[in-house]
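Presented below are the structures under discussion, each in the form of structure tokens.
Each of the two complexes below includes chain A, the first together with chain B, the second together with chain C.
Entry: the complex of A and B
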């Protein structure tokens, strides 16, 4: 390609990308900027692009009308627990499937994998009956967390990731009479740290944003997660756009901050185990 | 240790102990995922299948044979929701793949720093929750003339639109929202795959004076097919289960114009307490997803030639 047409291509690319980036970000910008403008007077959401007067009144209304602090605490608890269990159990199982030989390993792995195609709607109703009617766990953290303790998708990612780690160190440790769990803890975990970090971040964000299951198993306002609480707030206060935008910002901001501080992991992370399948 | 040396009599137990010593750890390592899989996936699937032939009640369920299935196939709302789901899927998944590909292609032309910047910015909506995005888009689609999108239309000299409130535009509005937001992971996967194409292929094509289009259609696109297939299959599966935006923005309305199959299942089960019928609907959804996924693999793997 001649350098002239190369330059033209780059110019076009930049122009298109800047416009598209603008279109992508502007809704979130509106949300954020709108949450600092007191629009209680009008039922229509029309934030000024650069507000003249900043106001935290929408936030005051949101935290006053809703049990928002409790929702955030609930989300932090649930997402943290689910992240820890997923990282631990998925890495353990991923290691076993990738590096240990045992009868049935292939069959079990594929049995797990094929069920990923089954939509959540199929298992939803029995799961609901099981949790709410049989175990009587409605409105508890346990009900929200239990089905999410370790996902098959994460086991798969960890298996892909673990198989890229060198086997020689494992053999060396085995000769040194390390127990298998000792090998996992002292050899595998330190080597796998980058992969585990990616898994942890993605699990935390996914669980923070999870909506459907927490919606089903929580009844009282105190047990809602921030996403479920936010949805209920939208239905209850549908005319107070300012407070709604404040709530939406509260629901999204922790993840946006997490994203910008751990950008590197996000932007490389999703290619782990995804492309070659 | 000495005691495990085999005796003819205790060989069964000894062999079991030997088996445990060899493989016990491995089974312990996979125990939790496997247990969860049995309790929270396999068992519920079987149970849901049974429920789909029942009129389910908490205290007493009655066997109704194929009644749920026959009712469902005669139900207009079921077919409407199927139609909506298919339209939404066809209207969003290929379009979003093309957009992701196009954006990735453009980003790929830039220097490393600019690449990182655009990747980060375009990934942002993927981090925000479905609930947050739905809330923002409710405001954007405000039906009054002073709504965000309507003001833009009026500035362009067009009439304001009741975006989510009328049958003709409601589903389109949800698709519009999808086009303008969900490209983060697609872009990153495509960029990773583009980076993996050996430069020598393009250099060879340059020697042959191949046109830009030829290089694209003979090298870039075919070599990115695994990524496209991955995005297609996962995209269709996700799109067939679209729920949050429907639940928050339209509640399936107006007049079932945006009722998707996932939303119908939710309503059937948790608004109307018809667990049997909802399970039958869920199985049809599962069947459709499996068939479509298999077809995509078949269709896409037959014509790869490089």
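Entry: the complex of A and C
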């Protein structure tokens, strides 16, 4: 390739990336800017891109709601628990499906995968009846968390990731007198950190943004998560967009923190050097 | 240290798609205490499977494996008192070299001072002293290989298992490590089972070599015996580099009639032994180093001569490889570099009569006399 066409290619790639970045950043910017503009009780939300007057009134209105802090705490609790259980169970199951030989492993794995094809709406009502009517778990953390303890998608993700880890390390550990759980804990988990970080972030974000299920199984304002709570700023005649933006900005913080704390694992090739020269 | 015994070992793999595949077809042998035995053979011959069955990473379909006095069929790898060095080293990437070396002992809950002492010993034997706090990725291939060996040494096992440990190293390093492994065996006086597909490695390291092909043991013998008295055409062709030449022939009237028309009188003993093959096809096996250019043939070589057109000459410095055709088969001669050879010229070669091997073309077994 000539250097001219190379430069042209880079220019096109850059242009695409800039547009993409712009499209990604604009909604966030809009949310952030909107949270500092007082548009209380307006039916239409038209924040200025560069605001003339900055106001913290939306934040005051958001935190004025009795349960606002509680919503965030609830979201943190629910998303954290779901993240931890998913990381634990999905990595265990993924390891078993990827590296352990046991009768029926393929059948079980495919049966699990098949469940991914069932739309969530189909299982919603039976799940609701199970949680609320049979287990009597209405308005509890357990009701929000239990159905999300481990997802098949995460098991699949982990199985694919674990398949890339060298099997000889597992054999070496087995000869090195390591127990099966010891192999998982001392050899597999440390090597799977990049995969687990991805899984943790995806799971946390997905659970944080979960709206419908927490709305269904919680009744009291104290048990709402942030996403459900924010909906209470939508009134019959108007919507307090400023307060919603303020709440959304506050609510985005834990995700930002999580992402940056796990970011290094995304790019870290931890298995480099394990095998071959 | 301990002996290892295989008794009628069969290993069958069941595969949903391909059906069943027998990787090891009834192996029986004994590896003596403190012996260095090499399993050698082409890919898929069952050598690694055999090693992994000793390790307990695979369970044999039938038969018994003994390590020392114990039958280990149902023992977990950790209870077999073995240590294994893997082809890809299998070092734990997130642990330092010291942690890698001590991992097994820590799992066995050995006292701290014992672990420290053994790690120190192993690292001094292998020259790893200043690398203990590094991670595997900071080490070169040869150093990683040493760590992998060190991890086996600290365990002080009854049997060391090596699964093609040198195949990831470059040629120069491989020769160096080969020497180091041979020295290590002397020093440790350990029972070692070593798997390789490289016959040079097998010949230089093994006190005895188990040659395998398609799941069957072809021969178990010392390197020199394998070289001088191969059981069959497979062993004859596998051991030695360049490989032994096979020439189609017939026996008639005390003479060997080679494909392509050359004939030479057989030595008396050979003529007697090959009498049964009178008029029948037979395969003559001769190693490249036992074919001489006529001008430089030693007197004892005898009168087994053949003429051929030289097709290719490879000058290697210390020797030359000359290729020519006899009948359908290409034959290689390893000759003195100063032998005058002209490409395309008709040249007379002398086969060393005392070093000829004769094989039955049906059974491929060597005809012993």
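Definition applied: the second predicted complex is superposed on the first by the 212 of 277 C-alpha atoms of A that agree within 3 Å, B and C clash if a C-alpha of one lies under 4 Å from a C-alpha of the other, contacts with A are read in each partner's own complex, and residues count from 1 in each chain.
Everything below uses one rule, namely that contacts are C-beta pairs under 8 Å (C-beta built on N, C-alpha and C of every residue); 3 or more make two chains touch, one makes a residue touch a chain.
Keep in mind that what you see is a predicted model, and the values were worked out from it rather than measured.
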| query | A:7 contacts which: chain B (first), chain C (second), both, neither? | reply | neither
After superposition on the shared chain, which partner residues are touched by A:251: those of chain B (first), chain C (second), both, or neither? first
- So, A:190: does it touch chain B (first), chain C (second), both, or neither? second
Worksheet item: Of the partners chain B and chain C, which touch A:19 in the superposed model: first, second, both, neither?
Response: neither
(message) Per the contact definition in the header, classify A:124: touching chain B only (first), chain C only (second), both, or neither.
(response) first
- May I ask you to decide whether A:69 touches chain B, chain C, both, or neither, giving the answer as first, second, both or neither? neither
Chosen between chain B and chain C, the partner touching more chain A residues is B
So the chain A residues that chain B and chain C both touch are 179, 270-271, 274-277
As the complex stands, chain C meets chain A at residues 16, 55-57, 76-78, 82-84, 86-94, 103-104, 107-108, 135-141, 144, 151, 155, 168-169
Within the complex, chain A is touched by chain B residues 22-23, 25-27, 29-30, 32-34, 36-37, 40-45, 47-48, 51, 58, 103, 106-107, 109-110, 114, 116, 118-125, 127-133, 135-140, 142, 144, 146-148, 151, 180-181, 183, 185, 188-189, 192-193, 206, 212, 226-227, 230, 237, 240-241, 243-244, 247-248, 262, 265-266, 269-270, 275, 278-279, 281-283, 285-286, 289-290, 293
Within their complex, chain A touches chain C through residues 106, 166, 168-169, 171-179, 182, 186-187, 190-191, 270-277
Listed in rising order, the residues of chain A that touch chain B in the complex are 1, 9-10, 12-14, 16-17, 20-21, 23-25, 27-28, 30-31, 34, 44-46, 89-90, 92-93, 95-97, 100-103, 105, 108, 111-112, 115, 117-130, 133, 146-147, 149-150, 152, 155, 179-181, 184, 205, 208-209, 211-212, 216, 227, 230-231, 234, 241, 244-245, 247-249, 251-252, 255-256, 258-260, 263, 266-267, 270-271, 274-277
